[in-house]
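Okay, so here's the structure we're looking at.
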Amino acid sequence: MAENVLRLENVTMQFGGVVAVNNLSLEVNKGEIVALIGPNGAGKTTAFNCVTGIYDPTNGMISFDGKTIVANHPRGKMKKLYAGENAKRYTGVRTVDPTPDQVTKLGIARTFQNIRLWKSMTVFDNVLTAKHMRARQNVFSATLRLTYQEEKRMREETAALLEEQNLLQYASDLAVSLPYGLQRRLEIARALATEPKLLLLDEPAAGMNPQETQELGEFIVQIKNKYQLTVFMIEHHMDLVMQFSDRIYVIDFGRLISHGTPAVVQADPKVINAYLGVSE
Amino acid sequence: MKKLAAILLVLVLVVSTAACSAPAATTTDTAAADQSASGNPVVKVGVYEPASGDNGAGGKQETLGIEYANDVSPTVEINGTTYDVQLVKVDNESSNDKAASAASTLVSAGVSVVLGSYGSGVSIAASPTFEAAGIPCIGITCTNPQVTEGNTHYFRICFLDPFQGTVLANYAFSTLGVKTAYCLSKLGDDYSGGLVNYFVKAFEALGGTCVQDTFPDGNSDFTSYINNAKNSGAEVFFSPVSTEAAQLIIDQAESQSLGMPILAGDTWDSNVILQAAKGKNVDVTVTTFYPEGANAEFDSSFKEWVNADATRLANNGGDDTVAAVTAMGYDAYFFALEAMKKAGSIEPAAIMEALWSTTYTGVSGPIALDQVNGDAIRNTAYVKHCNNETGAWDALPPVTIG
Amino acid sequence: MKKKNKAELWIAFAAIALIYVAVAILEQTMDNNHIIFTVLKKGAIYSLVAVSMNLLNGFTGLFSLGQAGFMLIGAYTYSIFTMPTAVKLTESVYKYYEAAVKFDTGIFVGLICAGLAAALFAALIGLPVLRLKSDYLAIASLGFAEIIRAIFQWDVLGPVTNGANVMRNYLDLTDVKIPFTDIPFPPTLYVFLAAGVCIALIVLLINSSYGRAFKAIRDDEVAAEAMGINLFKHKEMSFVISSFFAGVSGALLAMYQYTVQAAQFKAAMTYELLLIVVIGGIGSISGSCIASFLYIAASEWWLRGLDMGKFLGIDAPNLFRSGFRRFVFSIIIMMIVLFFSRGLMGDREISFAGLIRRFNRRQTAGATKGGGIDG
Amino acid sequence: MLDFLHANLSYILSGISVGGQYALIAIGYTMVYGILRLINFAHGDVFMCAGLMMVYLSTTLPMSVSIPLVLVLTVLLGFLIERAAYKPLRTAPRMSVMISAIGVSYLLQNAALYFTGGLAKVYPTIPWLSRTVTIWGSTTKMVTLVTPILTIVLVVLLSLLIKYTKVGMAMRAVSKDFETSRLMGIRINTVISVTFVIGSFLAAVGSMLYFTNYASVTPISGGMPGLKCFVAAVFGGIGSIPGAVIGAFIIGIAENIIKGGSSIFGFGGSGWTTFSDAFTFALLIIILVVKPTGLFGEKATDKA
């Protein structure tokens, strides 16, 4: 069995009485491109937010590179309210609740469904700022320019990254002034700047035409190989998903309903029902 | 809407260009002794007084005294030259943090000597600014010792708080015969804090006990303080605070039925207090510098002057009562002129030197300064009691110590 | 592109150097009592606070209203530290208390300690406050400033803070000496140097990796956090650094004023500073500096005549009476807020290329992003 | 316990009285915040202006005319402030509006400073309210008794208005979701104006009660009460009217107990009063840290 990079174990996320993600378990193996699909409101982005530390899941465990990065069990008010499964299973486990920046530091980078670039910054600064986390400096040395070599290195790497993405010509433009497709690409470049091992893409092809989608798919494969990444993405474009992903997880109403290779999933009646509605 | 915006824009531009051209107007004024309309050289006297804030009412009355004196004697003859005396007034807003900038306005206007201020705090706060510029100041009614202590440029023509505190303590202990006093001062206010401190020292030395309390800036709810006084078993309520707070205290003392006499210092010698206490069941006694009626000639001519102009009347609190601070302001003006004559110059340094040995007999009595801090040698305080029916002061026997 | 930036930088340096030379010459040639020196000194001090406030509100996007409180800490720390021990032991300042601090330091140490004390308080206050969002942060920091003021006025601390009474007789601007000599240092130049060094440090910080991280937090907190920027750590850092410089400026204000009292540092002072920042443009260092000087010049100098009966040669004592200046001034401010809500500079900086471009009326796409810096 | 209450009744009475007055102002803050998410820093100054209007009007007009006139003029002032200073900035960032509010506050204070000449104005005596009464051994003004009753009556009326009238429903809708309400065809500007009108009306009533108790009006009279009332609104849970009222009473009573601290608890001397204002803010920070939504506030949902 391949070495798994990301592993979700019985993850449940409950808001008040609403269970957004219910007992979700999945694995992403090293070097794979894995897709998470499901109808609107199925809980895909919520699952992503649990992984990246934006939400603290109500129950379950998440590990990355063999290390537990998130673990929780129903506490406080949730003890009574909890409507998910496996409530008792993690009570003995020490709660781990990282902030998003800690997760990123471990090597998980992400993009957003609705692009979240830094509006007032240039294209160059958007990528450069993402390098801040791994810079070897402190506030005094940076202010007094004692670590100017570090700054120089960051600038050079940023330029190289932009060059590779064909974005260097826009380096001094404001990020938000780029066309939509390039903004998506810049967001990926920014995520790459954090030097991740696992890249989470939240609907990277949203709003793209078939040709752009195709190019994006090739691009994802290309960067995956170049940076030895593992890619986990949420996507609605079935062409992209079927063509480029190694495996697919399908969720509906927060629950895993199917998983496997594209061919397997495509043939699964449960998946068809979920998308088209049950025809009984 | 757009049109409105455009009009407003133009307005802003006009105002700002006006503002930019203003410095030209002020800079021409800054030369120390330029010509006035009458052709006489001008000597500038700074009037550093509050016109707004806590002490605005008192400051205005003190300024009136100076203005009246300036009206009576608009020129001064120094070494055979007749100078026109020009008053440069600045509002220190009764606030210590505005003091420095108000003072530097006077300094940059090129005044030869500064009069004021009503309120010790602002005088102390502005003192270093005047000191750095080498300009002598004459405190008129700022009674806190710190105003003149340890410096050579600040002088004073009134008595000091250690004296006033002792007079009040003696009055409370011996005349009123009380053993416990409730003392209320304003937090961070040099005047009330200082006077309470000296009162407490003197009162406790006589064998009485004191309960002290302070209220913060901007406070207008004194009911709890009045209740504190009642609960503390005090027999006299000592609150030498600003007239602003005094109005509230008198009002709330009645509604909470304080039931003990109120004692205060020179600030309460104001028609503001008389108006507030008129028809109310409160018993107010104050010590002061000058009792109305002590100099009938001054009183009547001042009243005539005040009644001649509506603004003056408004600045005097709406009636023609002669406040002690007005008489003091009047004296301070002539004292300053006397010093100039003695110095034979309008140079601040020369006036500063001459002030030490200047003597003058004013409406409030003879003024001579001691050689330690430049304080007036005064040993008499006048005691007044508020008549709630007539809304006027009844004079009690003055107190002399030493 | 790089070369042009460098040229701009040199022009900016030259311009700043010119300003300093001008101040030095002015101070040697003009009557030092002229109001212009009040404006220059106070303007420089306010520039520093405004820039420090801008670091927090403009660059990090934290709407904090605690600046007056940190200035108070700075001013008091400075006055307590630099008041000569001999003065403390006599009754001249500590009238009602026995001074507890029985040592004194020089001006430089005093200024640094003022900053450090403010920074220390900020670090403590930041723990609970920085977790709050926008308006709540504003009102909580305002509240903390009021609490600080009450603490410094508390009579139990009287032996240290002199209760609510005035602090004075500490080392002020007239006590600054040229190093190793007994010759007084020109006071206006000193304020300019001290404030200038501090502002330069802030500019360097803003243009460093950390400055970019602050801006990222301002633009989009969620994205910043997802890109590995520790929100709390960076907010706290910005808060502490901003407070450090607010503390230093408080100390400078104390030096300039000769006396200092806790009652001065009210919420109104923070509002005043906030208005300066807004007039200059939120997110513009040069805007804050220019606005500070304009604000101080207008309130202390140009509009003074409105209060003193005579303005522009018009003599109307009944109209131009006490308070009119502030009335007119607040109308002007209101108009700026309503009609020029981006302030003088928006979020740009003064740059010579920008000025030339504007002069030539050639608007290019990059015009909005001038690269120069200016003190 | 009863003895203790009896001995300190006068403090509690002052507290209830000032608490009721704070409540009337706090409602204005909480309603405006609920709808515009704006801390209306000028609200305290509107309160001060209402006081000054009374001072000037009552010199020429009889009380029976000046009281309604003050109410009308204050409402007009509140309405105009909203139209002139907040409406043009409807699409601007929230910080700009807040700064505009600070600007208005600055303007009102300075205008008051200029027109009053910076002196405290004595508030006229409203005949019946100023009468002295004695309750259980404590003397106080009639207004102390009237305030809490009037406050509660007004709050009940206001709650009914919000619950059952069309404009009240619109208000609730707007405070829940500004954008959607606009899309649903609610006339946002009308709703906002009504909010300011109600807020100003209550501030005017509050000013009459407050200044009858503390009969002097200065340009900065509105500052501290304003800030405290905002704190009361936050404390009770911003957007919640009962919350604001309860918060205001708590702050009013606590403040007076602290002022009387040395007398009530018998230690501490004058140190207590130094903190009478600071206490309010300490309370604010504690509630913000422990329960950021206040006592009765609804939890805001944040979209990630």
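By written order: A, B, C and D. Residues from 1 in each chain.
Going forward, contacts are C-beta pairs under 8 Å (C-beta built on N, C-alpha and C of every residue); 3 or more make two chains touch, one makes a residue touch a chain.
A quick note: this is a predicted structure, and the numbers were derived from the prediction, not measured.
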**OP:** Give me the ID of the chain with the smallest distance between its Cα centroid and the all-protein Cα centroid.
**Re:** C
**OP:** Specify the chain most distant from subunit D by Cα centroid.
**Re:** A
Subject >> Distance between chain centroids, defined by C-alpha means - subunit A, subunit B (Å) >> reply: 72
Original post:
In whole angstrom, how far does the Cα centroid of subunit B sit from the Cα centroid of subunit D?
Top reply: 36
**OP:** List the centre-to-centre spacing of subunit A and subunit D in whole Å, with centres computed as mean CA coordinates.
**Re:** 48
Original post:
From the C-alpha centre of subunit A to that of subunit C, how far is it in Å?
Top reply: 43
**OP:** Could you tell me which residues belong to subunit B and also touch two or more other chains?
**Re:** 51-52, 91, 187, 214, 216
**OP:** Would you pick out the residues of subunit D that each touch at least 2 other chains?
**Re:** 113, 117-118, 223, 269-270, 274, 277, 304
**OP:** Spell out, as numbers or ranges, the residues of subunit C touching 2 or more other chains.
**Re:** 150, 153, 155, 164, 222, 321-323
**OP:** Sort out for me which residues of subunit B touch subunit D in the complex.
**Re:** 51-53, 56-57, 60, 91, 93, 187, 212-216, 218-225, 227-228, 230-232, 243-244, 247-248, 251-252, 254-257, 275-276, 314
Original post:
Contact residues on subunit C for subunit D in the complex?
Top reply: 57, 63, 128-129, 131-132, 134-136, 138-140, 142-144, 146-147, 149-151, 153-156, 164, 222, 267-268, 271, 274-275, 278, 282, 321-324, 326-327, 329-331, 333-334, 337-338, 341
Original post:
In their shared complex, at which residues does subunit D touch subunit C?
Top reply: 33, 37, 39, 84-85, 88-89, 92, 94-96, 98-100, 102-107, 109-111, 113-114, 117-118, 223, 227, 230-231, 234, 269-271, 274-275, 277-278, 280-282, 284-285, 288-289, 292, 304
Original post:
What does subunit A use to touch subunit C in their complex?
Top reply: 52, 54, 99-102, 104-105, 109-110, 112, 116-122, 125, 128-135, 137, 139, 142-145, 151, 154, 172, 174, 190-191, 193-194
Subject >> Interface residues, subunit C side, partner subunit A - complex >> reply: 1, 201, 204-205, 208-210, 212-213, 215-216, 218-220, 222-232, 237, 241, 283, 347, 366, 369
